[in-house]
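For reference, the structure I am asking about is given below.
Chain lettering (A, B, C and D) follows the sequence in which the chains are written, and residue indices restart at 1 in each chain.
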Amino acid sequence: MNTVWIILAPLIGGLLYGVERIVRARMQGRKGPPLLQPFYDMFKLLDKRPLLVNPAHVLLGIMHFITLWIAVGLIITGTNLLFVIFVHLLASIFLVASGFSVRSVYSHIGANRELLTMVAYEPLLILIAAGFYLKNGYFSIELIHEGEPLLGSLWMLFGALLLVIPIKLKKSPFDAAEAHQEIVGGVEVEYSGVYFEFLYMAKWLEYIFVYLLVILFAGNSVMMAIVLVSSVFLLVNLVDNATARVRIPHLIAITLGIGLTLSILNLIGVGYGL
Amino acid sequence: MWYSVKKAFTNLLSPPQTIDYPATPIKRVERYRGLIEYGEEHCIYCLKCEKACPPGAILFTHTDTPTENPKNKKSLAYDYNPHLCIYCGECVRACPKPNEALWQSEKKPGIGVKEDRVNERWFEVEGRKGS
Amino acid sequence: MGRKIIDIPLGSQHISLLEPIKFRFACENEKIVDVSSDVGFVHRGIEKACTTKFAYDAVPYVVARICGLCAITHSLAYTTAAESLLEGVVTRRAKYLRMLLVELDRIHSHMLCLSHTAENAGFEAMFMRIMGDRESVMDIQERITGNRVQFDYVSIGGVNRDITTDIEKEIRKTLAFIREKTHGYLEEFTTNWSLSLKFKGVGVLTLDEAYRYNAIGPLARAAGLATDVRSETDYLPYNEIGYEMRVGEGGDIYSRNIVRLFEILNSITMCENILGGLPEGEIQTKMKGKPTGEALVRLEAPRGELMYYIRGEGKAMLSRVRIKTPTFASIPAFIEVFKGSEYADAPAILASFDPCMSCTAK
Amino acid sequence: MKKIETTLESVVSDLTAFYDYKVWEFLTLNGVAIDEGTTEIQWIFSRYGAIDDVVIYYAPVKNSETVPSVVDLIPSAIISQREIVDMFGITVENSEKGLYLDEDSLSAPLATCRI
């Protein structure tokens, strides 16, 4: 069963992305594309003539996709949460390396910004894992899914996760790493055709990844998981459509400032059994 | 910021502003400035429209098979290029008999790229005019 | 780490630009230290065409095609200049109708600028909403003139179409709608926290720099320089229809946006006053003769001062048409503003200038 | 509109005496081809806040002559100086070619007088 889910993960991510495009369009007063537009885009990309900038660049892009898929797969099979976060970190590092492997200025700035956003969100992800550990005494995702919902005691860590989601999904106000009006998509700029498809699908996997992290807070309650995912989805899109993009220094200050405070308070609370 | 959030939320629930364009046709306004149309039988061949036209989209050239209009003493033929026309209506304002000999309709011109070399015939007309 | 200067190009094709302009920013990290620009990508030789291909009475339609957004101001400025050479007098009704179109044009042009500033600051939803509302202004312009973009409304001697009571009703309805929306934008631009991070104190043009670099239009007014051609000329009776100058302070993007928003509100009031006090009379007067002598006409286009200099020698063709467009004159000021800003802000700063490259390169 | 004649030698000193950057707005530099080989160069100013107070300094320029640059006095003149260089093919101090025209395009399109 898990294998099926793992294989389907990018497709579900694509569907989620399609739904989100419609929701976003409606929030902007537009009709929006068809639900399957992400897949149509993919077929179109297959048709394009692939241009290879250099082999390392493409290889790192593909590695980024595969590692991300592994990270998603590891969450689905229910292994160690901390391990998953480090695999995900590895995937991001591949992306940054690919950005630096070409000569485009936009790609360099994008990779630079990607690195800086990692500085902002990685500590929070690790603290979230630490929160689960302090609460339960284990990192195992399988066991977390079997346990009670932890939203009640870890709600401040959940708030920190909410700050991470826009960064990971490249949404306003925290989409400076991609910032198409400034740096034309950052690290994506030199990818084309079938190679870009890997990056495109990696984006869908990011959706699955963050929403799987959201589900962790629901524990064994399916109902709560559905409510959490849909409300987070709505919230992220509302904020996306109500804010401008903030600059990288602001991004780091906001996420680390608010996120670290929330998570450390939460950890202290959990540590003292409050 | 709450205002923007509220806006985004109400937009989600209200119908979109965009329409399914090819399926739903665009509403054409009244008095839309469209194609210039010509009523040969009323034309007095004063050639004012030809002089007034800024891009030169109306040309009168000599023809061997003139119309039966008695005013057409120099055996001229009217030619109009809708792809050159800028729909400004100067010709209609210059015309001594507007609405009879020359008027501006609300029709849109056809798409120019349907066939290759749409202007071939027009170049020929212009060539005749020049010589 | 040493100080490494990298060159970041912006343009000639870039997502944040509508039109071809190229900037090359020399940046330290992301701070801009030097700027060079290239603006001539869409040079079409219109000044030359106006003096060799087209007779003086066809030129209003030629110059209208310099730019899609300020078509009306171009043809109006040229026509005013030509009329002063022909020594003709335009009826008051024609003048009022001209002003109506110019002000409607200003409303939608400012809305376009605001939406692009928002988009380049990363606020896509705002862009879509303003653009959607802007359609209604385009619609009434289409109702008045018969076309959405190329109005071809002004010709030598007056205007080409009159308005009917039906259209008047529609204009009033739309103006009320836009006024309500503009108050909404005003609220958003002043209270949205993320926009204030992007706009306040960013891209500052000081008052002294505005004087030095001859900034014009909203750019200058936002810096506190009280200059507006509408109050410096008298061939259009702006003083009769409730024109007010709005001068901002600070000279940053925020201030430019606020100046533009208030100008939209002022233009709405002016349009309503025009409709209320529309004089009776003909809309066209016949003008005879050939232009002789030289004339210089200035007109406030949405982006600032537009200047036409024409010289005729009693022939059907003019001997010189000089067009000074607003963006062209502001480029030295643009470059000054960019220096010292963050590259991350560059697209928003650029959009807040409301550049029009088709005008600039003509 | 007031026209004041000046010469190439005296234009910089005339403008220095005349131009107060808080009173006058520099509109643009303009050229008008008068006859073959001669261009009238105009420096156009308008007074802030006054109604139609435009002053034009002008000087006839032979195409072989070099027009002095006024950029030190009026920084924003650089762009119109470059335009004049492109359009009329005359040389202006410190202003290079290539604002509008490329290497392979027609040179000096407005230089010839059309009569």
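Operating definition for what follows: a contact is a pair of C-beta atoms (placed from the backbone, for glycine too) under 8 Å apart; a residue touches a chain by one contact, two chains touch by 3 or more.
Since the structure is predicted, the reported quantities are computational estimates derived from the model, not experimental observations.
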| item | value |
| --- | --- |
| Between the pairs A-C and B-C, the one where more C-beta pairs touch | A-C |
| Whole-Å gap separating chain A and chain D, where each centre is the average of the chain's CA atoms | 58 |
| Averaged-CA centre spacing for the pair chain C and chain A, given as whole angstrom | 42 |
| Inter-chain centre distance, chain B versus chain D - centres from mean C-alpha coordinates, in Å | 41 |
| Separation of chain B from chain C, taking each centre as the mean of its C-alpha atoms, in whole Å | 28 |
| Chain B residues counted as touching two or more neighbouring chains | 1, 4, 7-8, 11, 17 |
| Shared interface positions of chain C, touching two or more other chains | 125-126, 129, 132, 192-194 |
| Overlap residues in chain D, where contacts from two or more other chains coincide | none |
| Which chain pairs touch, all of them | A-B, A-C, B-C, C-D |
| Chain A-touching residues of chain B, taken from the complex the two chains share | 1, 4-5, 7-9, 11-12, 14, 16-20 |
| Residues of chain A touching chain C in the complex | 27-30, 105-106, 108-109, 172-173, 175-176, 179-182, 184, 240-248, 250 |
| Contact set on chain C toward chain B in their complex | 54, 57-58, 61-62, 65, 125-126, 129, 132, 135, 139, 142-143, 145-147, 150, 152, 155, 160-161, 184, 187-188, 191-194 |
| Complex contact set, residues of chain C against chain D | 39-40, 43, 45, 47-48, 51-52, 211-214, 216, 225-227, 231-234, 295-296, 298, 305, 307, 309, 311, 313, 317, 319-320, 322, 324, 328-329, 331-333, 361 |
| Contacting residues of chain D [partner chain C, same complex] | 1, 21-22, 25-28, 30-33, 42, 44, 46, 48-52, 54, 56, 74-76, 78-80, 83, 87, 98-101, 109-110, 113-115 |
